[in-house]
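What follows is a pair of complexes built around subunit A, which joins subunit B in one and subunit C in the other.
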Partner chain A sequence: MSTTRTRTPLVRGRVGELMPRRDAEPKVTGAFAYSSDLEAEGMLFAVTVRSPHPHARIAAIDTAAAVATAGVHAVLTHADVPGRKTVGMHRADQPVLVVDVVRYQGEPVVIVAADDLETARRAAVLVVVTYEVLEPVADPERGEVLRDVRIRHGDQSLGADVVVSGSYEVGMQDQAFLGPESGLAIPDGDGGVDLHVATQWLHLDQEQICAALDLPPAKVRVHLAGVGGAFGGREDVSMQIHACLLALRTGRPVKMVYTREESFFGHVHRHPAWMRYEHGATPEGDLVYVRAEILLDGGAYASSSPAVVSNAACFAAGPYRVQRATIDARVVMTNNPPCGAMRGFGAVQVAVAHEAQMDLLAAALGIDPVDLRVRNALKTGDRMITGQVIDGPAPVRELLEGLRAMPLPLERGSLRADLRELPGGVANTTHGEGVRRGVGYAIGFKNMGFAEGFDDYSTARVRVSLVNGEPLVEVHTAACEVGQGLVTVLEQIARTELGFEHVVVLPADTTVGSAGSSSASRQTWMTGGAVKAACEAVRERLHELAADRSVEETVEHHHRPTFPLDPETGQGDAQVALCFAAHRAVCDVDTDLGLVRVVEIATTQDVGRIMNPAQCEGQIQGGIAQGLGLALMEEIKTENGLVRNPNFTDYLIPTILDMPPVRLAISETPHPDAPYGLNGVGEPPTIASTPAIAAALRAATGRPVTRVPVRPDDLI
Partner chain B sequence: MSTFCRPTTLADALAALAEPGSRVLAGGTDLSGLIDRGLASPTTVIDVQDAGLDRIERCGAGVRIGATATLATVAVSDLLTRWTALREAAAAAASPLLRNVATVGGNLCQHTRCWYYRGVEWTCWLGGGDTCFAQIGEHERHGLQPGDCISAHPSDLAPALIVSDATVVVASATGIREQPVAALYRRPDVDDRSLLTLGPDEVITHVVLPAPPDASVYLREGQREAFSFPLVGLAVARFGERLVMAAAGVANIPHLLDPDDVLHDLPGNPQSAWKRTVLATLASRGRTAVTM
Partner chain C sequence: MQTPAPFGYERATSVDGAIASLQRLGPEARIIAGGHSLLPMMKLRLANPEHLIDINDLVELSYIREQDGEIRIGALTRHVALLKSELLARHFPVFADAETVIADPVVRNRGTIGGSLCQADAAEDLSAVCTAVKAKVVIRGAAGERVVGMEDFHVGPYQTAVGAGDVLTEVRLPLRPGSGSAHEKVERRAGDWAIAAASAAVWIAAGRITDVGIGLSAVGLTTIHLTRAEDLLRGQAPSEDLFAEAGAIAAADCSPGADGRGPIDYKRHLVGVLTHRALRRAAARAASQEA
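What follows is the complex of A and B.
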C-alpha cells in the first residue's frame, strides 16, 4: 500500500511533504484574526433578540423603545426582509427572522444595530415580543417525519440461526467550535454589500443572502474571514443575512459576534439517535442480515437532515458484507434544536449501534470480535447494502489486521502508579483500586463528497506571472479553510504541478466560482482536484509567459456522477467514494467510581495519499478527540425543547488531559478516481473512535453501555 | 444598572457595604455570571480586591488566609504545605485561568451550579419559585439529600476547610465575628432561600486555619480530568485518632460526614443515588490514604 513519488529536489513544499502551515504560528501566538476580530471604520454592533420559547406564536413585536434608544441605528424584524423570508440548505423552511411561529428556543426574532455593543444589548432588552406560548413537540416519536429512507437489500425472507438484537442511543453533540458565529458586513454605498464571515461554503451563503435581500449575486460579495473551526456547524447561515440587512439599512459596516451561549443556539447540532438493531448470522459467523430502525431528531428545521438520514441508512450495517438489509431510517421534525451537518454526518450514530452489535454477535458466536469483522469485511467488488458495487479501495480487512497487529500499551505496573495515568487523574480517586482495563475495537466508513445525484464541483483559477523575472503562482478558489489546512495543501499542489517555488493562495471569496462546502471530507479532493487541473491547463500554456503576459486558467472539477436512491428499496449508486478507519481503544475504568481513563487510541486509516503528514495526523487526532468527547461527555441536554447546558461549564468537551496518546498507522491505497489518489481524511476518525471506546468500557465493566455519552453511573 | 467601586481599605469597603443593595465582588468569576443572567442585580458592586485582604500569613500554630487570596496562590503556598487537602482542593477547582482570579472568599460564597437555577428559563424553588425542577427533571448530578432543593454544593474548598477545623472571620460596619466555616452555610427553607448565613452588609475577611491535621487528602470525582465541577468532592483529615470527613456535591451545602457511617442522612434521590457508591468508595479510600 504505497505510491511512488516523484522526487525533485528543486522545490520544497510539494505534495506529500511535511510543510508547516502558515496559520500555525499566528494561531498559537494569538495573532491570527478570526472573524470576530474584524473592524471597520464607523462600524456598528449588532445583536439578536431570540425567542426564549421553543414553540410560540408571536402576537406582537414592539420595537418602539429600542428604536428610541440613543445610539441605536436599526431595529429590524421579518417585515424588513426585502426578499425571500426563509432560508435553508435543502429546503428554504427557516425564517430569516421569525414571521409568526417560533419553532425552537433561541430562534432569531429581531436584530438591532447600535453604536456599541452595550447599547445594542440594552436596546435588545427593550424590544417587547408578545408570545402566545404553544406546547412544544419535544418527543421525537411524536415528530413529523421529514424524510424516511427504506433500504430493502437482498432476499427479504432470509433468516438466520444466530440472532442478536439491541437498542442504542446517541446524545446530541455540538460542534463546540472555538470561534462563535461572527462576521462583518460592509455596504458598498451602491446598494451592494461585502460580507466577511466564518463559513464553510461561500457561494451557498451568497445564494441565500441574495434571495433574502433580493439582490443579484454581483451585489453580494462574500469573503472568508478567519474560521475558528466548523465541523458542519457553519454550513447553514447564522448571522450572515442579519448583518447584511443591517449594513444595507444603516449604510454602515455592521459587526455581529455571537456570545458563546448564543452560539449553542446559532448552529445545528449532531442529530441525537435512537436505534433498534437485529443482526443474524450463520453459526460460522457469516452475516446474513441486518435489520435496523433508526430515528433521528432533526429539530425545528430541515437543514441537511434529509442527507444525514440517508447517510445513516446507507452506512447502517457498517463496512460489512450482508446478504439482506432491512433498514428503516427516519428523521423527524420537533421543537428541539435544529440538527444537521456534523463531522461524520449520520455515519457516527449508526456506528455506535452496528459496532456494538458486531461485538454482541461475536460473543454469541464465541468468535473473536476482530475475527468476526475480518470475516465479513467489505472489499472492492462487493456490494454495499444500497446495491452499489464498490469499485474503489475498501481495505477493511487490511485496516483491521493492521490494527490488531499494533502493540498494546503496557499494562499498569505493580509499582505505585503515576496518578496522572489513572482514572480520575491527580484527584486522588484511586491508586489502582477498583481499576479494570478493557480493550475495544471498531471500524467505520462513510462517503467522501455529496451523494444521491448532487452534481458536486469546485472551481480554481490559477495564474502565473513574472515578478522581477521570477514566476509567481496565484491560486484563487472559494474553498473555505476551516482549520483543516486546505490552504497549505493547495499551495503544495500548485508547487508540485508547476514546479515554481513562489505560490500564493489568495483569500477565498465569491469572485471566483463555487468550491462547494468544506464538508463531507471532500475539499482536498474537490478543490485540490480543481487546482491540479487548473495548474495542468496553465502548464500547457507556459510558453506564453512573458514579462508583460501572465497565463491564467479557470477550471471546474466535478467528481463522477452519483444517483438517487430508489425510494422503495434504497438501492442506487449514491456514493462517490468511501473512506475507512478502524480504532482500538484501551480504557482503564475505576469500576467503583465509574471514572474512565482512555489509555490509548490506536488507529489505522487509509487516506489514499498523504498530502501533508502533519496535517493528516492532525485531522486524525482531532477527529478522535471529538469521537472521545461523544463517547464520554459531550451532550446537549434538552428538556421540553429547552436547552439546559448552552455553555462550556455544563457542556463538557475533552481537555488535553482527557485525550490519550494516539498510536497511528496511516496507509495509502490510491483511489483511482482522485487527484494524487487521495481520499477524504477528516471524518472517518470521528466514526469508529466512539464505538471503540464504548466497547472498551463494556469489556472493562461488563455493563451493557448502549448509550453515548457514557456517564459514570452507567459504569458502576 | 449598578455602580462599581473599589475601596482601598476594609473600613471603606464595609461602609459601602452598609448601603442596601450593595454586593461584594472579588474575582468576579461567579458574580458576573449571576448578574448576566439576572440572578443578582446589585445597585453597587464593591470590589474588595484592593482592600488588603489577599495575604496568606502564619498565625500561631496555623495560618491565616486573606479572603481575596486566589485559589492559585493557595494551591502553591509554602505556608500551606501541611494542609494537603486544602491545597489539593484549590488545585483541583475550575481551571488554571479561573484559579488565577477566583478567590477563597468567592469560592466559599459561590452560588449553586444547578442548571435549572442558572438557566433563565426556569425560576425554581431556590430562586424564589414553587418548583424544584431538578426533582421533576434531571438530577443525576444533584445531591443525595431529599428536600426542597436537592442541588449539589459546588465548592471544593469548603469541605477541605471544614475538615481542617477552619474558621472564617466575618466583618461588617458594626463589628467582627468569627465562626466555623460550616456555620457559613444554612439549609434553605420556605421563608429564606439563601444558602449562606452572611448578612448583606458582611464580608469574609479571612479564613483561619488552626494547627494542621496529621494527615489530610482531597478526593474528587469529576466528569473529566480537569475543569469540571466536583460530582463528589471528599475531604478527609486525621488529627491523631480523630477522622473528619466533609463532602461537596452530596447536599445543597457542604456536608459533614460521620466517618463511621458516611451515607447517614444521604439516602439519595432517584437519579443521583449512584453517588452513594461513589461517596462510600471515596470515603474508604480516603480513610486509607490518611491512615497509611
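What follows is the complex of A and C.
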C-alpha cells in the first residue's frame, strides 16, 4: 500500500545552502583547464627578454640575430607599440616595453614569438641589449614620495598618562599563486584580437590593451581563462598586451606562459612596511591617541600604491575608538620590485603594528589584552579616525568576546608526540625539549570595495528562455572567478531570485558591461547585487516568457557613493562598508632552536550573510594560511634591488603540514546596504591572523617580535 | 633549464662491469644510482656528464646484514630500507633519526646510501651519521678493493676518496658494546637542505664514555668531524654540563656561511643546541642498552 503526498517542488542550491562548486572536481582531478593549458591551431610561443638590472639606461637593442633565427616570427621592442607606450592602474607610468630606462629587475624589454618554446627561448638569448647600469635606489627612505596621506583627527594637543611606543616592520609578501601569468591571444583576421587570460578585471585589461594597441574596444575582446589564484597579483597587466601585440603582428595565435621564476617578476607584491607607533591611554585603559608614521615601499611603478597607502592610513589605529589620531603614511618609489594590490591591501601591514601596540599598552596598564580591546571597541555609531560615522554593523566587541569564549586546544600530552605536531613539524628533530606555548589575540578590519569617491559598479545580464518547455536561466557577467567561488554564488543567487532549477553562469568576457575587479572583497556584493537586480527585473517580466520569446535584462549595480579624504586632515566618508575578523593563535615554540608550530588558530568573523557555507569557510581557512605565511615564512628578499629568492625553494609558502586546525565561528549581522545583507569575506582572515601569531610568539618566548615574517633567530 | 644536456647511457650488470665502463669511458662518465642529486644537477646543467652508468640493477649491492662484528650495508641500499631496518635500529638508531628527516618518502624510496656518501654534499645527513658511528667504506676499482675510514673519506667539497674509476660498494659499521647514537636536524621545511644537523654516537662502559663520534652537516664546506669535542668527552662520565660544553665547542668549531637559511650566529647557535641534544639522546640510548 502506498500513500500519496503532495510534492512541493524543491529547488536546491539557493543562497545560504552548501552547494558544491562545479570546478572542484576538475581541479582536484587535474582536468581543469588553466590559462596555461590553452591551445590553438598554428599557435606561436612567446617569451620575454627581461632586464637583469634594477636600474639601467638602455643604450641599444640589437635584435638582428634573433630575427634571423629560423622559426622566429616576431621580435618586438617599444618601437613596435602602436599606441600609448605605458600602462598602469592608477597612472600610466609603466612602459609596455622599456623605452629608455629600466626601473626594476625583470622589467620586460623585448618580446619574441617563434614556432615553439625552445626556439623562442634560444632567440631571446640572441637579443643583445646594451645597458648602462645605474645605481639603484633601494633604500625606501631615499625613495621619491608617490603619495602621502595625513590624518589629523580630534584635538591634536591631547596627551595621555600612559604611553607606549614601538617600531614594526613587515616584509614583502608575494601572492604566490600557483598558476603563472599566462594566456592565448588569437587574431581575428580583421585587425582585432581575442585574448584568453587569467586576470581579475577583464575590462581594465581591455582598456589598457586598447590604449597600447590603439584599437577601439570592439576590436579587443578579453575572455576569462582558468585562473590559478590571484590575491591581487593579477590586477595589473603582465603578458596581456605583449601577447596581443605579437598575435596582431604575426597573424597567428600566440601563447605566453611565464616560468615560475618569471612570475616573481611578472606581478606586484605586498608592500613592505616600516612603522613607528605611539599609543596614549588613560590609566583606566581608554585610548586617547594614536600616532603613527608609516612608510611603504611601492617599488618602481605606481600600480595601486596610492590606494594601498590610503588604506594603511585609514585603518592604522585598528577597530578602536580613538579621540585623537595623527597618522602620516607615505608610499615611495624605488628600484625595488613594484608593489601593489594583495589581499588585505594596506590593512595587513598596519594590523601588525596596531595589535602589537595594544598588547604593549595592556601590559603597561596591567589589563588583560582582550579586555583592553573590548573596552575600546568600535561600534555602530562611532567615528573612525577619518571622521566617518559607522552606520553599518561593527561587531568588534561581539567578535572578541566570542573568540575568548572558544575553548583552547589541549595541552601537549606527555606521550611521545607525532613529529608533525611539534615546532618545525617534520622538518626538524624537536622532541619537546625547550618547548613553550603562547597564546595571542588580534582583531582587524578593512573596507569592502574601493574607496575615496570611486564610482564602482558591476553589470549583469540575465536571460530566461524555455528549452523543451523548461525554463533556463543564463547569467552573463564579466566578473572573474579567481578561485573564490563566485560562479557558484551567482548561480545560487539566480536560482533564489527566479526559483528555476536550471541556471547557467556563462563564461566571463567583455561582451557584457564591466563587473569591476575581483578584489577588495567586493565581487559578491557588487556582481551578486547586479545579478540579483537583473533577476528581479526579469521576474517582473516573466509573464512575457514563451516558447519563442525569452526575457532578458541587463542591470548595473552601484554601491552608495563615497567621498575623497581631505588632503590636509584625512577626514572624509571614504568607505562603503567595513569587514571585521578576530583571531586567536596558539603556538608552541622550541625556544632553544627558534622553531614554531602553530597549534591552532581560532577565529570569529562576521560575514553579514553566509552565501555558501563551504566556500565561506574555505575563504577563511585560505586567508588564515596566507596570514600564517606572512607571520612565519613568506618574504621576497631583495638586495640592492635584486630579488634573491624568485623560486618556491627559497620563497616558502605554508603547506598542509604547517597549517593548523582552524576553529571558526562565523556570525551573520546583516549589512543594511548589501544584497542579502552580505559582507566581504575574502580579506579579513589575512589581517589579524598574522598579528595574532606574532602575539602568541611573544607570549611563548618573551622576545619583542616586531617584525614579520618572524625569523627563527628572532625567537632565541 | 629543465632538461639535461645529451648523454650516453648504459646499465651495468655487475660491479666489475661498471668499473670497466668507468675506466673505458673516462672522467666524463658518472655512476647513477637513485639519481636524486645527479639528475637535478644535470637538469640545471650544473653537471654535464657525457655518459651515465646505471647501477640500479645491481641488487647484490642492496643489503643490511651483520657479519664479522660489523653491520654491513650495500651501497645501493635505499633510504627507506635504512629507515625501516630493525637491525640498524637496534644497533645504530641514529640512522632512523636521520632517515625520518631526509627529504621526503618519494626521495627516500629511490635514493641510496652510496649515492649520498659519494655526492658528499656538506648538507647531506648520512655523511655526518657515518662520521659519528665511525663507519668504514669499501671502495672497489680496477686495482681491487680498499677500506677507508670516514676520517679519510672526505678530501674536499663534493670530493671523496672514491676515484674516477672507482665504485663505492659497501659501508661497514663496527659493532662495539655500550653504544648509543642520535641525529638532530633543523631544516626550513621537510625536503629542504638542513640549516644545520648534528650526529652523535657514544660508547659507554662502567659509567664512562669510552669513545664518541660527532659529525655536523651544512655548517662547513664539507661534513665536519668534531675531533676537539670528542677529545673533551672521551673518558668522562656523561652529564648535562659536559654535553653543554661539547655543544659550545661544536658551535665554535663549525664554519657556517650566511645564506637564505639564516645568519652565521644562528647557525652556530643551532649547532650548539643540536650537538648537546644529540649527545644527550645518544647517551640515554646507550644507558638503556646497558640496562
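By definition in this document, the second predicted complex is superposed on the first by the 704 of 716 C-alpha atoms of A that agree within 3 Å, B and C clash if a C-alpha of one lies under 4 Å from a C-alpha of the other, contacts with A are read in each partner's own complex, and residues count from 1 in each chain.
The working rule: a contact is a pair of C-beta atoms (placed from the backbone, for glycine too) under 8 Å apart; a residue touches a chain by one contact, two chains touch by 3 or more.
Keep in mind that what you see is a predicted model, and the values were worked out from it rather than measured.
After superposition onto subunit A, the partners subunit B and subunit C occupy overlapping space and clash. After overlaying the two complexes on the shared chain, residue contacts for A:704 are found with neither subunit B nor subunit C.
When the two complexes are overlaid on their common chain A, residue A:642 makes contact with subunit B while staying clear of subunit C. Once the two complexes are overlaid on the shared chain, A:499 sits clear of subunit B and of subunit C alike. Once the two complexes are laid over each other on the shared chain, residue contacts for A:13 go to neither subunit B nor subunit C. By the touch criterion defined above, A:52 reaches subunit B but does not reach subunit C.
In the superposition on chain A, contact is made by A:595 with both subunit B and subunit C. With both structures placed on the common chain, the touch criterion links A:419 to subunit C but leaves subunit B unconnected. When both complexes are overlaid on chain A, the residue A:650 reaches subunit B and subunit C alike. Taken together, the two structures place residues 424-429, 433, 592-595, 633, 637, 644-645, 649-650, 652, 655, 657-658, 711-713, 716 of subunit A in contact with subunit B in one case and with subunit C in the other. Note for the complex: subunit C touches subunit A at residues 97, 100-101, 183-192, 260, 262-263, 265-266, 269-270, 273-274, 277, 281.
Of all residues in subunit B, only 88, 91-92, 113, 115-116, 119-121, 137-138, 140, 217-229, 231, 274, 277-278, 281-282, 285-286, 289 touch subunit A in the complex they form. Within the complex formed with subunit C, the subunit A residues making contact are 419, 424-429, 431, 433, 592-595, 633, 637, 644-645, 649-650, 652, 655, 657-658, 711-713, 716. Subunit A meets subunit B in the complex at residues 52, 105, 424-430, 433-434, 592-595, 632-633, 637, 639, 642, 644-645, 649-650, 652, 654-655, 657-658, 711-713, 716.
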